[in-house]
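Sharing a structure, written as structure tokens. Questions coming.
For reference, chains read A, B and C in written order, and residue numbers begin at 1 within each chain.
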Amino acid sequence: MARNPDAVVIGAGIVGAACADALARDGMRVLVLDESFAGSGTTAAGMGHLVVMDDSPPQLALTAYSTRLWERLAHELPQNVEHEPSGTLWVAEDDDQLGAVYEKQRVYAEHGVAADVLSPAEVARAEPYLRPGLAGALHVPGDAVIYPPNGARALMARAAGNGASLREGVRVDAIGAREVIAGSERISCEYVINAAGAQVPRLTPGVPIVPRKGHLVITDRYPGFCHHQLVELGYLTSAHTMTTESVAFNVQPRATGQLLIGSSRELVGWDASINRAIVRKMLDRALDFMPALSSTSTIRTWTGFRPATPDKLPLIGPWDATPGLWIAAGHEGLGITTSLGTGQLLADLLAGRDTAIDAAPFSPARLHAGVGAH
Amino acid sequence: MAHAAVRSEVNITVNDKLVRVTAGTTVASALLNLGISSFRHSVSGEPRAPLCGMGVCFECRVTIDSRAHQRSCLVPVAEGMKVVTASDA
Amino acid sequence: MTPHVSADAEIVVVDVAVIGAGPGGIAAATCAAERGQRVVVVDRGLNAGGQIWRHVSGGHIPRVAERWIARFDRSGAKWIGGASVVDAHCAASGFVLLVDASARAISIQASSIILATGARELFIPFEGWTLPGVMGIGGAQALLKSGASFAGKRVVIAGSGPLMLPVAAAMSRAGARLVLVAEQASRSAVVRFAATLWKTPSILAQAAQYRVRFLSASYSTGTWVSAAHGFGRLDSVTVTDGRRARRELADFLCTGYGLVPNVELARLLGCDTREGAIVVDARQRTTVARVLAVGEATGIGGAPLAITEGEIAGMTVGRESNLPPALARRRAVLKTAARRMLDAFAPRVELRSLPKAHTIVCRCEDVSYEAVRDAACARQAKLYTRAGMGPCQGRTCMPGLEFLLAWQPDTVRSPLEPTPVSVLSSDVAESGTPTYSINTSAGEACQ
């Protein structure tokens, strides 16, 4: 890049890539820096679901907005992004949960998100391998699944089409006022976007993002075993409560026919090793809902770190302590889903435009109690 | 160790056809001896057959007694076994 | 008959767990058990012998194998066949190994581990290599030994290293029409290597024996197969010496470019590796306390070396303070011979141009060479293309890609082999009391 970039985006994960895409579309000169390669961090570890979630009204607004953006983009995505409009079934185990399902449907409807309630017989027809005796499910047809590393690459490619450039293998050492320092290089710019996910605090101390570890297991190919993304209602509780550890049933069919089995949450710092006890609990929970998984062949297990914030909402906006610094991070388990919404909100805020949804709940200032020394 | 002069045989079905194969051989060997060259299809549809012979490459996978993804080079033939090849296995 | 661990055993507590029942594992287990250690051996096969001593029940095996297996049967060691270690970790009580025994979970608790995990074939992808009828050299040997017939078939053997000779001999004995044995190493490299064989008479005798067996077949040096052809299955191959190429009709092509040590379990346990092999000292100890390793996994060197190392390891865990000097000498001589062999038969640089742009390099996921060759590292290729992310977990494609593109191996994680959810979710190790303990000592009749 001959002249200085207008914006430097730190992190070429799905969120960084979406920000670069949106800013480049606005005509900004964008430079993206990634310490490894695009889509290699938390993005590579995630399930890739595009899902509407209603833990809180702002979360519902952001996920609904963002899934609609994905729907519009779907037909343009390259084949290797493997966009599958599989929809989600939120599974209810008993009548109490069924009540929650009806409530969820109502809330989704208020946000224009289509969802229908399935009876036990309809659930069994939709997903024959779910155990009998369930109370029903909420079917959300607009939800989908992508393959995240290639999703990040696709967004970076779009950004590049609008003049953005990507430098991989570059580790940023510090963020200054309207500048980024990497090794002996000082890159001056108007805006720095810290989209480094769970690593944001390394460069911007004081940002309350912590790594929330998750495990996943993937099986060999079993085409036709599962058609929708399947989630238990308890997933919301697991995601919401910052306890030491929790597991929740979440199975996703990949385009390949492989089954991705999750989910788990732990706060153990940056220890990436596989925790066998948690994997067992997670698999046991999955077997509760889909006993037939028992004989499926598992090929791989891995861990990833979700960037988690105290109020479960991401940071999208300026970080007042440093001139020119913006944060786009803290999406916990919804990074893939909300990447597009995040990118667009960021671009709108930077340009001073009205945002499609209220951006105040995501303002970093809400968490930056007291501007000043850091 | 005694070297058996005459090897006994067992009956198995391969793709619904009943065949007699030598006891003690692996399913992969039995299938090769039956002249089967395509054990399974790859993800892009190519026919595939055993490569490594020792359970490492997974190319010899067939469905045995309704269990998919079985490495036929590791499984000895058994009386009444049902083998299905060139499916999604 | 080696006593099998009983069918309903879930937890096995031993002094020594030996992983792999090839020559190295059998020798190690035997020597440890004869010295009073409680030993269990885990192997994928249904019979002891690993790859090189593989046999069908009641089938033929070499004399040396017969003797060792008989001694193993008498030693008091127990064994679990049809089984693979899928996970391993260190607990307060020692090592805990999760074993998938034909879809059943078994937990082995062991104070020491001897890794005898052997090696697999190095494949370099080339045009047409995915055709049915193309198999490894070790692959052909394994299939032959497990009952496959090649009688009357036209067979081409092409690749690298002395392994081709016994396989060619076995094929001949089995009635195959051996069209060609093509060694990629140059004539001068082979001649130089052959000249050093006088230093190890046992190997020289073997080599002479094999050469005699198939005098009728054509043996070419500096020659390799650059392509396989056929519709739905192999019918011919292109043979080249780098200058001229010709076609040969073939029903089977047996090809491979040497052996790759199986070090996945070693790496999961944290053992150091160098040049792809487990690092060990003169007593076969790895860099992790109470983990030893023997045989091909510590460096390709053949069965006699594996047996010697197995004896050393068995004595080490059996608390033998003094090793017989003859054993150490034999090890040194065989290791030197092994080094000479690896140097002589190293894949030549021309083989780097074997794969074409459209050649499939990852057979599990059908990923082409052009899709991966620009990746900076194995991990990037895996994430972007899925190469190496299929059930073989990269064992078939990655060594070849590491040769072609100078990649480093990626991290190793459990499960070490595909295993059912039922095994991975099993809490067999948590249930406390072992359901099976090995109590026999050396010399007692086995249960």
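To be clear about the criterion, a residue touches a chain if its C-beta (ideal position, glycine included) is under 8 Å from a C-beta of that chain, and two chains touch if they have at least 3 such contacts.
Being a predicted model, the structure only gives us computed values, none of them experimental.
Compare each chain's C-alpha centroid with the centroid of every protein C-alpha atom shown, and the nearest one belongs to C. The interface holding more C-beta pairs in contact, when B-C is weighed against A-B, is B-C. Chain A and chain C have CA centres that are 42 Å apart.
With centres set at the average Cα position, the gap from chain B to chain C is 22 Å. Measuring from the averaged C-alpha position of chain A to that of chain B gives a distance of 44 Å.
Among the residues of chain C, those in touch with two or more other chains are 390-391, 418. Contact of a single residue of chain A with at least two other chains is seen at positions 220, 256, 295, 297. With touch defined as above, residues shared between interfaces to two or more other chains in chain B number as follows: 43, 69. Per the touch definition, chain B reaches chain C in the complex via residues 1-4, 7, 22, 24-26, 28-30, 32-33, 37-39, 42-44, 46-59, 61, 69, 73-74, 76. Put simply, chain A touches chain B in their complex at residues 220-223, 256-257, 295, 297.
Contact residues of chain B toward chain A in the complex are 43, 67-69, 88.
Interface of chain C with chain B (complex): residues 44-46, 51, 56-61, 66, 69-70, 82, 120-121, 123, 130-136, 138-143, 146-149, 232-233, 360, 363-366, 390-392, 395-396, 418. Considering their complex, residues 87, 89, 103, 376, 379-380, 383-386, 389-391, 393, 413-415, 418-422, 424-427 of chain C touch chain A.
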